[in-house]
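The structure appears below as structure tokens.
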Amino acid sequence: MTRYYFWLAARNLKNSPWLSGLMVLAIALGIGAFMTSYAIFHAMSGDPIPHKSHQLFSVRLDNWDPEDAYSEPNEPPTQMTYRDARYLAEAGKARYQTAMFRVGMAVQPGNPDIKPLLSHGRMTYSDFFAMFEPPFLYGMPWTRAEDGARSTVVVLSRAMNERVFGGENSVGRQLRMDDGEYTVVGVLDTFDPLPRYYDLINTDPFGDGDDFYLPFTLNDTLKKRPNGNNSCYIDPPEDSYQGYLDSECVWVALWVQLDSEAERRDYQTFIDNYVMEQKRHGRFPRPLNNRLDDVMDWLDNQGVVDEDTRIQVGLSFAFLLVCLLNTVGLMLARFLRRAGEVSVRRALGASRRQIFQQYLTESAVLGIAGALVGLVFAALGLAVVRGLAPHIAAVTHLDPSLGLFALTVSVCAALLAGIYPTWRACRIAPAAQLKTQ
Amino acid sequence: MLSMQDLSKVYRTHLVETHALREFSIHVEEGEFVAVTGPSGSGKTTFMNIAGLLEEHSGGRYQLDGVEVSGLSDRERSAMRNEKLGFIFQGFNLIPDLNLFDNVDVPLRYRGFGAKERKLRIERALEQVGLGSRARHYPAELSGGQQQRVAIARALAGEPRILLADEPTGNLDSAMARAVMEILEGINAAGTTIIMVTHDPELAARARRNVHIIDGQVTDLQSSFADSALGVSAPRESAA
Amino acid sequence: MEIRPIFSTILRNPVGLVLIGLQVALTLAIVVNALHIIGTRLDNMRASAGIDENNVLMISSTAFSVDDKPLDIARTDLDYLRSLPGVVNAMAVNTLPMTGSGWSTQVEAAEDPDSHDIATAIYFADETLVETLGLDLIAGRPFRAGEVTPFSMDDNLRPPVVIASAAAVLDLFPDLERPEDALGRLIWNGDENDRAASEIIGIVDGIKAPWRGFSVKIFDHVTFVPHIPTFDKSARYAIRSEAGQLDKLAGNVREQLAAQNLRRVVGEPRTFPEVRERFLRGDKSMAVMLIAVVVLLLLVNVLGIVGLVSFWVTQRTKQIGTRRALGATRGNILRYFLIENALITSVGVLLGAVLAMALSNWLASEFSVHRLPWYYLAYGAALLNALGLFATCLPALRAAGIAPAIATRSV
């Protein structure tokens, strides 16, 4: 019987091409607009590391101005002072932890044909690799021992390895950066979590990652300034690099991995105690306000899904609603125009329920057609968006799961729109239209 | 076969109450051909709608093929319409979007027959009314008489016990009307009970039994069967 | 024709009222809010940076040897750049307007007991700033060569003199009527225990900060300080080309500069038009998206009304024929449908106005969007009424064409 209903629905669509076209167009426009903005929203709001996003925490301490919060409402700074971050990273109270900041360095390839190039890297601890799990193409991370020994080792991104070493296994080779020599211990494979959750402050969440990774401890000799965000509420105590390291300026990020709720509680206690202890030395003038945010909370806190995207999703959903209201009207017109047919079918033995099924099937078929055309519209819409906003381009595409989502939304919407007209159709009395034709 | 006892039908709006049928009683035996006549507004159509389970009655008893229909659900009534009743209308009421084959197919679909069985029945029914070669045509391509024959084929395909015909020849010229009438008589001869509403005294005369409805009541009855009148006035010879 | 009977007809079968009314209401609410956002974004896109936008580019140089003196490199580079043909002038900078990154700080009016502080962007500049950026200096003077000193990341910012934007001084000194009057006033910079006073020696108009704040007003607040900045081992230069020569300059300058000193990396030049395009990209894509939604929404509305009114015309064919037979003119029939639609649309518009204000309030509370000005509602209501009448005309004209004879036919 279901096949019969589908067959009838297809016939009816074909038999009134204008009205059918109008209805499919209305649904398709709604689905197309909604899916265009939803695809972007979906790409931006995804979980970048689903299997452990609840175990990785961004750590924040509130060392800010006693008079003014870093940002309202009472948010601690997004990054930490160098000395706090370094102390916490080396205290080792969590299963894994790392402090990190971004630096710019000139890479000087051994091959004289390749010019020196500016590159951006990350000063971090070996735990970075255990926590964020970047895939290795060659070699492996440096060790905690090498952190402590300030070893001159480097891990390269796949792209950097291709530029400097032509893509071969460069483990064990020397790399010259800013006139210093570093031994390559590992080369990463493509590592593009979307968004780049471990550094939302200093990089585009949907942009390129780091070219290289160096042990944080090497900064004792390199004395790098961060290539990224730096905020100070009071000037450093003296005009020197050491003064900067000792200042209340925040420019280093700290992440920890805590595998259980108990570990999380213990770590919170640990950092609270640390801050209480620092207060005794005259630091941390604000009330205790230390935060541990897991990955998804952190993405939310930092507003990774920008306002425009949210507004677009909202407005395009409202647009879909208008398209649905429209479809209700058109379906009503279509179904009631066929009142005579309903009467005949009823007289010939169709129960009210069968009429209901027949017309609901027709609604569903409209929804399916609307979804298919709508996906074409969405693909066009995304093409336009890619032209307008290249940085989003890389992350938005219509994958099968989004296509399925569009189909579900469209069919549900069409069924919803079809309910009232269908109800009206199956309420037509069997005898009503038989006499007058 | 069909038995109504003290049946009543009241139409209510918030202002008026109209009694379409009052203390209406009629009994039809299996194999009868009954012509129903009466002036406009007398209740003929209401009688046919109730007989055909298209409307529910307000009071009294109605037994169809031994089943009391009061209180049946929509589903049960629909199933009874589908299995036991066939309809023929003045306006033919073919579905214009479907070809003849698919029109005849409609009641068989609701019956739940398999594809083979349906095809067999559709072809046989269209043969029977002389339109076997036109199965792929659409109703608009046919004359009124042909359309009515398709409607008859559609009614017959499900092998109903009773055929209800409401002014089946009302929209046809006399030659076509006679042709349709002949088909109906053939069907009746094969054993199907027929109840036919008509204005045409000539056609009514060809039926074996005449029923006259005035003001929602059966007031007169003629029959060629002496023993067929039950609970109504005495039988008379038909005027044919 | 009186309105009352039409209205009671509508109320007898309110499905159309509900469907079209709701559709119009939602459309109005979305359209006016979207138009408001579009208007803001178009304003953003028109904003001028306050510099000679078409002829300025920025380029960076990073040395990699420990022994190199970044300041010396910068001075040599600047001399070289200024000598290039087609270059008007060049100076070392930290950033340019609209780049999205830079340096901001709080400053307050010195000598004012109840002074309040404002956020301002800090731009580094030397004595060539007016010429290099093409600034509009409306009062005072540029820096003098003797005032310009080096600045490294280890230094604290304590400029003796500054040049400020007109908007910044007006916000800083609310008592001033004209920005020019701020000349000679002092501003404080630095934290409470370590304040340095700077004298305002020049006022520029129209200059913009690197970013636009919403909660903090900063886009028009700019302070120039007289320093040649170096960051670790790198420096950035702003170069102004002669009119129309920017692309040529951008094509060559990297090679030319790199050839001067091989022990450093010269970055890709960023022309200001590129900087501006990138800065306004979000506004542009938002505007385009919303314009598309508005256009489609109005289209869907028209289609919906055409569809439903066509259906009513078909349903009422006989009734219309009867009216015509009883003496109604074509004009009467047309007017009937137009009045009916106008009534329904008006109900929708009233509901829509309420919805629009609710949506606007919600947007304003959740996002960086300002409240909807009332005249958007007025325009939106007029627009939807006009569209509604237009959409009704198409099927209503068909209705007006129905022959009176229809009434007498039984079909």
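Per-chain residue numbering starts at 1, and chain names A, B and C are given in the order in which the chains are listed.
One rule holds for everything that comes next: a residue touches a chain if its C-beta (ideal position, glycine included) is under 8 Å from a C-beta of that chain, and two chains touch if they have at least 3 such contacts.
Composition by chain, UniProt nomenclature: A, C = FtsX-like permease family protein; B = ABC transporter ATP-binding protein.
Given the structure is predicted, the values throughout are model-derived calculations rather than measurements.
S.K.: So if I look at the partners of chain A and the partners of chain B, which chains show up in both lists?
M.R.: Shared contacts of chain A and chain B: no chain.
S.K.: Which chain is in the middle, if each chain's centre is the mean of its C-alpha atoms?
M.R.: A
S.K.: If I average the CA coordinates per chain, which chain comes out farthest from chain A?
M.R.: B
S.K.: Can you give the whole-Å distance between the Cα centres of chain A and chain B?
M.R.: 68
S.K.: Hey, how far is the Cα centre of chain A from the one of chain C, in Å?
M.R.: That gives a centre separation of 26 Å.
S.K.: Express in whole angstrom the distance between the two chain centres, defined as the mean CA positions of chain B and chain C.
M.R.: It comes to 74 Å between the two C-alpha centres.
S.K.: Hunt down the residues of chain A that sit against at least two other chains at once, touch-wise.
M.R.: 436-437
S.K.: For chain A, which residues count as touching chain B in their complex?
M.R.: Listed in rising order, the residues of chain A that touch chain B are 1, 4, 11-12, 15, 340-341, 343-354, 429-431, 434-437.
S.K.: So in the complex, the part of chain B that touches chain A is made up of which residues?
M.R.: The touching residues are 45, 49, 52, 54-55, 74-75, 78-79, 81-83, 87, 89-95, 97-98, 106-107, 109-112, 154, 158, 166.
S.K.: Taking the touch rule as given, give the residues of chain C at its contact with chain A in the complex, in rising order.
M.R.: So the residues of chain C touching chain A come out as 15-16, 19-20, 22-23, 26-27, 29-30, 33-34, 37, 60, 62-66, 153-156, 190-191, 193-194, 215, 231-234, 258, 264-265, 267, 281-282, 284-286, 288-290, 292-293, 296-297, 299-301, 303-304, 307-308, 310-311, 314-315, 363, 366-369, 410-411.
S.K.: Using the touch rule from the top, collect the residues of chain A that touch chain C in their complex.
M.R.: Touch list, chain A to chain C: 19, 22, 25-26, 29-30, 33, 36-37, 72, 104-106, 108, 115-118, 177-179, 224-225, 233-236, 239-241, 243-244, 306-308, 310-312, 315-316, 318-319, 321-323, 325-326, 328-330, 332-333, 336-337, 381, 384-385, 388-389, 436-437.
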